[in-house]
Amino acid sequence: MPDTTQFGIASAVLIGLGIYGLIVSPQPLRKLLALNVIGTGAFLLFGIVARRGAAAGFGADPVPQALVITGIVVAFAATALAAALLLRLARVAGTTALDREAGAEGSSGGADETGIR
Amino acid sequence: MADFLLIAALVVLATMASGLVPILRNHGDAERMMAAQLLGTGGVAALLLGGVAAGVDAVLDVALILALLAAFAAIAFVKRGSDTEMPDDAPPADPGEP
Amino acid sequence: MNPAAFDLGIALLVVAIAAFVIFTRDAYAAVVAFVAYGLLVSLRWVMLHAVDVAMTEAAIGSGLTGVLLLGTAARLRDECADGPPARTGTGLRVVAGIVALTVTGLLVAAVVGFGETAPTLAPQAAAALPATGLGNPVTAVLIAYRATDTLLEKVVLVLALLGIWSLAADGAWGGRPGRKQRADPDGGLAYFARRLVPVGVLVGLYVFWVGANHPGGAFQGATILAAMWLLAMMAGLADVPSIREVRVRAVLVAGAAVFLAVGLALLGFGDGFLAYPPAFAKALIVGIEVAMTATVAVTLVLLIAGTPERKA
Amino acid sequence: MNTLVTLASAGAIAAGLVFFVAGSAGLLRFPDTLTRLHALTKADNVGLGLIVLGLLPQVDGVLTGLKLIAIWALVLFGSAAVSQLIARASYRDRERR
């Protein structure tokens, strides 16, 4: 059985970074990126389980691999849906700042320009 | 020989990483577009070296996909970063835009 | 120098770029870095001997997700006047840091504490492989052993697309998604697209076809086909189809429909839902995969194209 | 494998690495977008070509070798087109300022 501890620790760190970004970052687009970082970290953990299960002449257990392939495609679909929601929000509200007051505070000229549109 | 190939792959990765630093730090869209270019070429090289060293033949197909998709991503970078796309009935872009 | 040192090098690079994606102030730079991140992650999948996943990650995780988010970032920059984001309070940062560290710590403990023997389904997958007529165990899992997952995933893709379409303004329903692409038909981009698209389509079909016996398959092939269609659109050689077009809608449901039809036929006349009889297994699987490739390719293109915005 | 072939192969790969390093050095040191673009697209593609050349004797089968060359050709064609488009975009950027 190959040693995959290093892979596992790196994946755990990726998930941690993603969680931090998901909570802290003020822009929804950045939260979406953070969510994708968490996703790849979780997929890599599956990959480690697959690699540990190498047997019968296969370099890795095919079942987790297939699950990850399905997962990557579904994660992409979810990201696309979130991106479309974000663009719609921007069109309707003129801003994507989640905290309206904080958003207005951050940009003095922002409110005027939104009014024109 | 496999050792040599892996070291070579690491060197390519290191040059890729050091090339990425100025691209990400410099502002300006043309600058950013180079990232896809750098990563495409460097990624293909690292993949080929690492794959041949590990004896994984199918890695060539991964490199093939990467070469195609890097070109595709680079085109998308160029399109998004410049004014070649506009809403159907929008006025031309404001020349005073910074 | 051994492979472990190489793996460690990539691991450090992946973590460093992920940190940049999370911590940089500039949203556009974060998206660019995310493309780089996806590429390195796909390198990592090669080192984990999961070449099928490496292909999917290179094509979808890095390529298509990058293009999608890049487009979103560019349009947000154009369309809304958000100033520089407000700084998050220190309290929230501390709490987020504690949560992130706790999760990471627990995961590290779990990984380090893995037992001596690993659970594996590889021997079972290998034993059943001859009955499917396939040589690639991952494709066998996707289309035969756990076919229901893949069938339901097709449904999820269509649902996500319906969600995106339903965001259309009243006047734009039934129209074409996204903005119109303008490009000089005699320019460099159009020339490039005319030369590259045929090559790319060939590569896509090749990746799909070798998927039966070697790494590759329907998802990877379909992603390449989708990328080539998007390239033709960006070069102004093709336009996004109207969402009202019947042919497009037929292809969108073809994957799930063929899958379901085969499953129900086998339930009625065979051994059970999607229990392929060994004599026809390969033919049925290839038939399902062809329909699936078409569906996935068209769905991916429309997912990126986005909400309908203009008249057909 | 023949020792001479191995040496030639290693030599080609090492030469390829030199071009990659030179390309990145150019990216770090050159003053403006166009010169940096020139360093990146030219040097890296020669580097990849040399690496492919070095790897050719180490893969089995003529078809695999041809695939290696096809990958290089694809990257080369992509870079040629993309670098032209990037250069034009940067030129337009500068005129607008």
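We just call them A, B, C and D in the order they show up, numbering each chain from 1.
Basically, a residue touches a chain if its C-beta (ideal position, glycine included) is under 8 Å from a C-beta of that chain, and two chains touch if they have at least 3 such contacts.
The model shown is predicted, which means the values in this text are computed figures rather than measured ones.
The interface with the greater count of contacting C-beta pairs, when C-D is set against B-C, is B-C.
Rounded to whole angstrom, the centroid-to-centroid distance between subunit C and subunit D, based on C-alpha atoms, equals 28 Å.
The centroid of the Cα atoms in subunit B and the matching centroid in subunit C are 18 Å apart.
In whole angstrom, the spacing between the mean C-alpha positions of subunit A and subunit D is 32. Note: centroid distance subunit B to subunit D, computed from Cα atoms, is 12 Å.
Residue positions of subunit A touching 2 or more other chains: 59. Counting only residues that touch two or more partner chains, subunit B has 23, 36, 56, 64, 68, 70-71, 75, 78, 81.
Shown for subunit C are the residues in touch with two or more other chains, namely 49, 73, 189, 192, 196, 199. Here, these are the chain pairs in contact: A-C, B-C, B-D, C-D.
Those residues of subunit D lying in contact with subunit C across their complex are 74, 77-78, 81-82, 84-85, 88. The touching residues of subunit B, when paired with subunit D in their complex, are 1, 4-5, 8, 11-12, 15-16, 18-19, 21-23, 28-31, 33-34, 36-38, 40-42, 44-45, 48-49, 52, 57, 60, 63-64, 67-68, 70-71, 74-75, 78, 81-83, 95, 97.
For subunit B in complex with subunit C, the residues that touch the partner chain are 3, 6-7, 9-10, 13-14, 17, 20, 23-24, 27, 32, 35-36, 39, 43, 46-47, 50-51, 53-54, 56, 58-59, 61-62, 64-66, 68-73, 75-81, 84-88. Contact residues on subunit A toward subunit C in their complex (touch as defined above): 1, 3-21, 23-27, 29-30, 32-34, 36-37, 40, 43-45, 47-63, 65-70, 72-74, 76-81, 83-88, 90-91, 93-97, 99, 102-103, 105-110, 113-114.
Residues 4, 7-8, 11, 14-15, 18-19, 21-23, 27, 30-31, 34, 37-38, 41, 44-45, 48-50, 52-53, 56-57, 60-61, 64-65, 68-69, 72-73, 75-76, 79-88, 92-93, 95-97, 99-101, 103-104, 107-108, 111-112, 114, 116-123, 125-127, 137-138, 140-142, 145-146, 149-150, 153, 156-157, 160-161, 163-164, 167, 219, 296, 299-300, 303-304, 306-307 of subunit C touch subunit A in their complex.
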